[in-house]
Amino acid sequence: MRFLPEGELAGLLAALSQEAEVWAPARRPNGVVEFQKWEPGTAVELAVLLARQAPKEMVFPQTETYLGYRYLMACPAVRPETPEEAKLELEGEGGEVVAVSPSVSHQLLVVEDVGGSSPTRADVAGVELPGTGARVIFGLRPCDARGFAQMDNVFGGYGGFYFDPYYNARREVTTLVAVACANPRSTCFCRAVGGSPSGTEAVDLLLTEVDGGFGAEAVSERGQRILDYAGFREARAEEEQAVAAAHARAEEAVEAPFELEGVRENLRANFEDARWHDLALRCISCGTCTYVCPSCYCFNINDEMVEGRGERFRCWDNCFNPGYTLETSGHNPRDAKAARFRNRFSHKFWYYPEKYDSLLCSGCGRCIMHCPTRIDIREVIRTMGAPAAELPARAEEE
Amino acid sequence: MSSTQDAIREAAKNALASGRVDYFIGWTQGHTPSEAIPAFIRRPEEVDRLIWSPLCHHNLVTFLKRKMPDPPESRIGVCVKGCDSRTLVALLQEGLVDRERLYVVGIPCAGVIDKRLVDALFTDEVTEIDFEGDLVTARTRMGESKEFALADVLLDQCGGCYSPNPRYADELVGDTLPESQGKPQFPGLEEFEALDSAAKDALLAEAFSTCIRCFACINVCPVCYCWDQCVNRSRRPALVGQKVDTKENTLFQMVHMFHVAGRCPSCGACDRACPVQIPLYLLHRKMNKELYEMLGFMAGMDVDEKPVFQTFRIDDVLGE
Amino acid sequence: MTAQTETRTRPVKVIAIVCNWCSYAGADGAGTARLKQPYNFRVLRVPCTGRIDPLLALKAFQKGADGVLISGCHPGDCHYSEGNYYARRKFELLDRMLPHLGVESQRFKYTWVSASEAARWQSVITEFVGHVQELGPREGRAL
Amino acid sequence: MRIGVFVCHCGSNIAGTVDCHAIAERAAELKDVVYTEDVMYTCSEPGQAGIQRAIKEKGLTRVVVASCSPQMHEVTFRRCVEDAGLNPHLFEMANIREHCSWIHDDMPRATEKAYDIIKMAVAKVRTAEPLFPNEVDVNKDVLVIGGGVAGIQTALDLADAGLQVTIVERESTIGGTMARLDKTFPTIDCSACILTPRMVDAAHHQNIAIMAYSEVDRVQGYVGNFVVDIKRRAAMVDWTRCIGCELCVQKCPAHAPDRFNVGLAESKAIYIPFPQAVPKRAVIQTEYCRWFQQGKCRVCSRVCPADAIDYEQKDTYIQRNFGAIVVATGMDVFPWEEYYPQYGGGSIPDVISGLQYERMLNASGPTGGHVHRISNHEEPKNVVFIQCVGSRDESVGRPYCSSVCCMYTAKQAILTRNHCGPETNIFVFYIDIRATGKGYEEFIKRAQTEFNVNYVRGRVSKLYEEHGKVMVRGMDTLLGQQVEIPADLVVLATGTTSAEGAPQLAQALNISYDEFGFFKESHPKLRPVETNTAGVFLAGACQAPKDIPTSVAQASGTASKVLGLLSKDKLKTSPQIAVVDQSRCVSCWKCTDVCPFSAPEKQSQRDGSQKSHIIETVCQGCGICVATCPVNCISLKGFTTDSIIDQIEEALLA
């Protein structure tokens, strides 16, 4: 194990920022801790366990422009008629022009580069997307890192089904330097979903804060390279012990509020259960839980255009949005609040696991912390993930 | 305080036992004793879950809005504090809730805690808050503990509250509080008002740049009822762009603000729901101050009144 | 000239949203009387000021307008009898709030110009655009 | 979508300041624009034919004409594209004349602006949808407001054509201002001899109902289907019984100023304005009546042979439906006393208004047609007329010409000569003589030559009393010297002003009025008797000061327009109305709160919910509901929120 003395932290970040953009948790003017671009002088805030939002937007920004386009008009009044246009004019019997089918468009869709930030899909490998230079996310927690692993399944070309060039262009150049959790919150439940306050899934380098500095363990080749920084030294035995003790203490502090076994099957069995409605009563159907979540990945695609110039972009979407499953007919199969509510938990503990054999939750507890009415995912899984026979009774059923 | 709590439980029990309501909305303890959360009680024997303390900040009128009751035709019992009741009055003014389906328990309120102020006193997670008279004790998960005066951690809107007593209720529990006389106060605006235009813009730009368009402010707002049809989501007309950036986020917030103009009594639910702590309350309170100065109007005071923008007076003294 | 000074000195863009019956006709009258006016305003015609949602004015600012003018029939003269009474309340609130949203008060005005007040239209639009030009273009604002 | 853009030169009106050809070329780059052209006169026959040809040959599905104001030619071009097979609402005008070329000098900048205006119009027409008018039944009854000579003429014309006409007259008799005149120019024929037979015709016409002593209280509805509340003022006399015998007037002990005689005489508290009144019915002026003021008397009640007196009478309201409304409320005499302190402001008895003098000249007037001084009843030796009092005078806020004073002064001067004989000196102070009608100039010449009237060119600066005379001090600008005339009688050629209450009536009718209270016609040349509210028409001096021949001519013109309108059994309503997308309606009912016309209604849906629905024939298209609907699910056809946003974005595009 290597060791970074406390005084070397700024030096490490400075060294990292020579080669990469470094993002680290820091306080905004209003005191909220968010991942921000680190610059010399930025105070990294590690005492607050979780940044307000998971760092997923470093790789999967909330708004991302796919392409820009513009319409070019061919106007016969000022330009010679194109052969295509000439063809559209149908000769009448007497030789006079009788009509031009108004349904035939004269417009050409031209994919145009908008400020260098809008590659076509074909171009993506060769084009520099914003934020696709080397990046280091410093100070994220093991649960945050697991969120990336869970999103990777979706965007990374699972079964050759879908490879998201934008996501991967960033993901490939992003190094995750996690800091193990020292004081887990009451909302933490990583252990219940197979994680750990010192977990290393998707982590490149794991730091553990102990007296005098950080114990450092490389998990990947990339992480190993960071350890080349001269500020690291070999950890002393008592430091290694302190790291192990910190890990153990944190492990202890995380509650395991539910058993995973059978959850998937029980969710399926309880799909139509009326208790979803009871649990959802408190829900205001906003999207806070999904937007602060390290693994929620849904998005939609929009076009916005002014005077023939437009952009196609994607934005985060979430299952509480009315447009999420809205059909063109106007029908929404998930019209009721409870149905939308059910989807979020079922997706995380049933649909996604069925597809990827992994959960879509890393137990960070942000959804509990930030929910305006403190809806508790643990309570939901505990209730709806239990066998029907064990469910608490409902008033009407008595 | 505990007598008020008992009275709430009693009222809930009666309403449920008599079949007057299908469920009763009050507050209960959250997953730690540092927070209260909305509670939905269906059976008389569950009423002991209900609590009353300065932690009960949620405006439960939110859960009366259309699309919230489940099933939709439910008869509901609900607790309202003074400011909450004004949002209920605003809904009643427009006929947007059916008062026949409601049983409203009004609670005079001397102020609720701004949990964010308490959290800011600690680095660690606050998991316990106790009250003894005007003394508040907060403890963290790691055992750190501090004491302070209740007045220091009240929501700033609670100081100088113009309507501590419910403006509308079927039953009143607890003792009526003295009502403030004279002009309503709109505290906490001086600093903002003194900024120049560029500084105000900078403040708003910083605040709105962090907006994630989660709709918590809008969905939690008791007088915002368009739900799925919110024009902020609408693509036709495309009033607000769907890109999440400072400019569009600002317009997004303006839609909320101008749509509740004349109906928002500054309950502050939006401000407390915002996960990124945008000072929404600042703008809404400023708007309400302007409305008061403009037309002497305060939202949600009288069920028989009409919201200001749905009516007019020929002799309004406005403009040129 | 650098890009920045260009920005500071470019002519401002003003959107005037006017009602069909009074102010649009007043502006027509000003045209018929050849009353000279500034170049940099664009007129948008709607049936009534009551049809103008204040959010449209905010939208205009957000999309880069340096000033927004709303003009309709004098109170009492609305073609639809009541439209401008509603508009008066809404735009008064907007007028009061804009300075707190980072838009200087002189960048917005709501007023009344009747169909017969061609000269008044000329002076209203000329003064308004003048004030906006004094403040200069708005750039990089949240709204 | 295939949009054609036609840029009009309007001769040099536009092309003088805007490079029409260049913007036509540039407009071809706009999205969806497939054809552009600049045209000398788009509104001309070949111009319109060119648009129609382009629609057919180029397959245009939408058209933008960049030319003058839509208030000028929108109707023209809508018809033009409709004739070529397009829906008329897939057309938009870009006003680059009134809003651009005419207000600018600098061609490059004006051209840039014109291009922006075209871009906005193209953006708007892109979102346009074909709209189709609805048809509604037409009520063929006509309301004429005002029973002066113009109202009577319109009513008779319409009634002769078979329509049912109701005249609502504020006074207790019809006749208006003309009934008070002695003679009319330039023929010096008797005013009453012309008017009273027409009044009687109106009264006896089976198609005309006269509601005198009544006022229009409220107007609802729309063209073809107006609903009008009419207030019948309490006359305190049951008109169904009153026979107009005037016995009550003779016996009434209470005196009142005689309004018909403009204060030159006294009348009684119970009153019939003049012997030929139609209807000839008595009215108690309660403010002068002893019974109402002091609670005793009741003489009229005792003497009335018809038992018509009813002290308990109240104002009554009736509601009637009409298809069209003609406003013929006439004018008032300028209240010179308030504005001309230099003329004594009414304190000099021998300074009177033209209308007062008219009554004095009249054989059935208060003096029996004798001209005498007010102060001592002596025949005047020097009579001075002063023109343009309350006309063409910016200092009293009356810049307009009252159009009748020059002529009636000449008439009165001639009559003075007839009444007073050759010994009397007659002076007329004038600024200019405006004698533009048929035979008018000759009439002035006769006054000057045949009747020896001294015309002095100049304004009178001051009138004051001295040694029993009214001293007239003024400037003779032709001689260039100050003159002072010791007058016995001074007659002010008082100008005309809009009728009292005209703005209030305009507001009730939703029509425009100018700063002086005269009602605005839709277009001074193209639609001179129409207003901007469909179905409401103007006749006579309520629109602008007019003399009798012009009023009567206009009144007949108005009648023909009303007949044209009501010749149809059904009317097409404007399709530019609000419509609710019920799938998005959140049933908040704000629309029902704010609509001035009660157009939105609650409509039950199959699922039991209620959604807003706007009644097409009631909606007037103002869009107040649209701006109030929080979800924007109401759209105003032709002015959708999208089209407004698109125009804003287009205008602000760098």
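The letters A, B, C and D name the chains in turn, as written, and every chain counts its residues from 1.
What we mean here is this: a residue touches a chain if its C-beta (ideal position, glycine included) is under 8 Å from a C-beta of that chain, and two chains touch if they have at least 3 such contacts.
Nothing here was measured: the structure is a model prediction, and the numbers come from that model.
Enquirer: Work out per-chain C-alpha centres and flag the one nearest the whole-protein C-alpha centre.
Expert: Most central by this criterion: C.
Enquirer: Find the geometric centre of each of subunit A and subunit C from their Cα atoms only, then give the gap between the two centres in Å, rounded to an integer.
Expert: Each chain reduced to its C-alpha mean, subunit A and subunit C end up 43 Å apart.
Enquirer: So, what's the distance in Å between the C-alpha centres of subunit B and subunit A?
Expert: The mean C-alpha positions of subunit A and subunit B differ by 31 Å.
Enquirer: What's the distance between the Cα centroids of subunit B and subunit D, rounded to whole Å?
Expert: Roughly 55 Å separates the two chain centres.
Enquirer: Return the residues of subunit D touching two or more other chains; collapse runs of consecutive numbers into ranges.
Expert: Where subunit D meets two or more other chains at a single residue, that happens at 594, 628, 632, 641, 645, 649.
Enquirer: Spell out, as numbers or ranges, the residues of subunit B touching 2 or more other chains.
Expert: Touching at least two other chains: 227, 229, 238-239, 309.
Enquirer: Residue numbers in subunit C touching 2 or more other chains?
Expert: Only 56, 59, 76, 82, 86, 90 qualify.
Enquirer: Applying that definition of touch, give me each pair of chains that meets it.
Expert: Inter-chain contacts occur between A-B, A-D, B-C, B-D, C-D.
Enquirer: Please name which positions on subunit C make contact with subunit D in the complex.
Expert: 13, 15, 17, 20-22, 24-25, 27-28, 30-32, 34-37, 39-40, 42-48, 50-53, 56, 59-60, 63-65, 73, 76-83, 86-87, 90, 114-117
Enquirer: Touching subunit D in the complex: which residues of subunit B?
Expert: Within the complex, subunit B touches subunit D at residues 66, 94-96, 225-227, 229-231, 234, 236-239, 259, 306, 309-311.
Enquirer: Per the contact definition, I'd like the list of subunit D residues that touch subunit B in the complex.
Expert: Going by the criterion above, the answer is residues 584-586, 588-590, 593-594, 628, 630-633, 635, 640-642, 645.
Enquirer: Which residues of subunit A touch subunit D in their complex?
Expert: 71, 73-79, 88, 97, 99-102, 106-107, 306-308, 330
Enquirer: For the complex, which residues does subunit A have touching subunit B?
Expert: Contacts found on subunit A: 28-32, 34, 47-49, 52-53, 62-63, 183, 185-187, 277-278, 280-282, 284-288, 290-292, 302, 304, 313, 315-316, 320-323, 332, 335-338, 368, 370, 372-374, 376, 379, 394-395.
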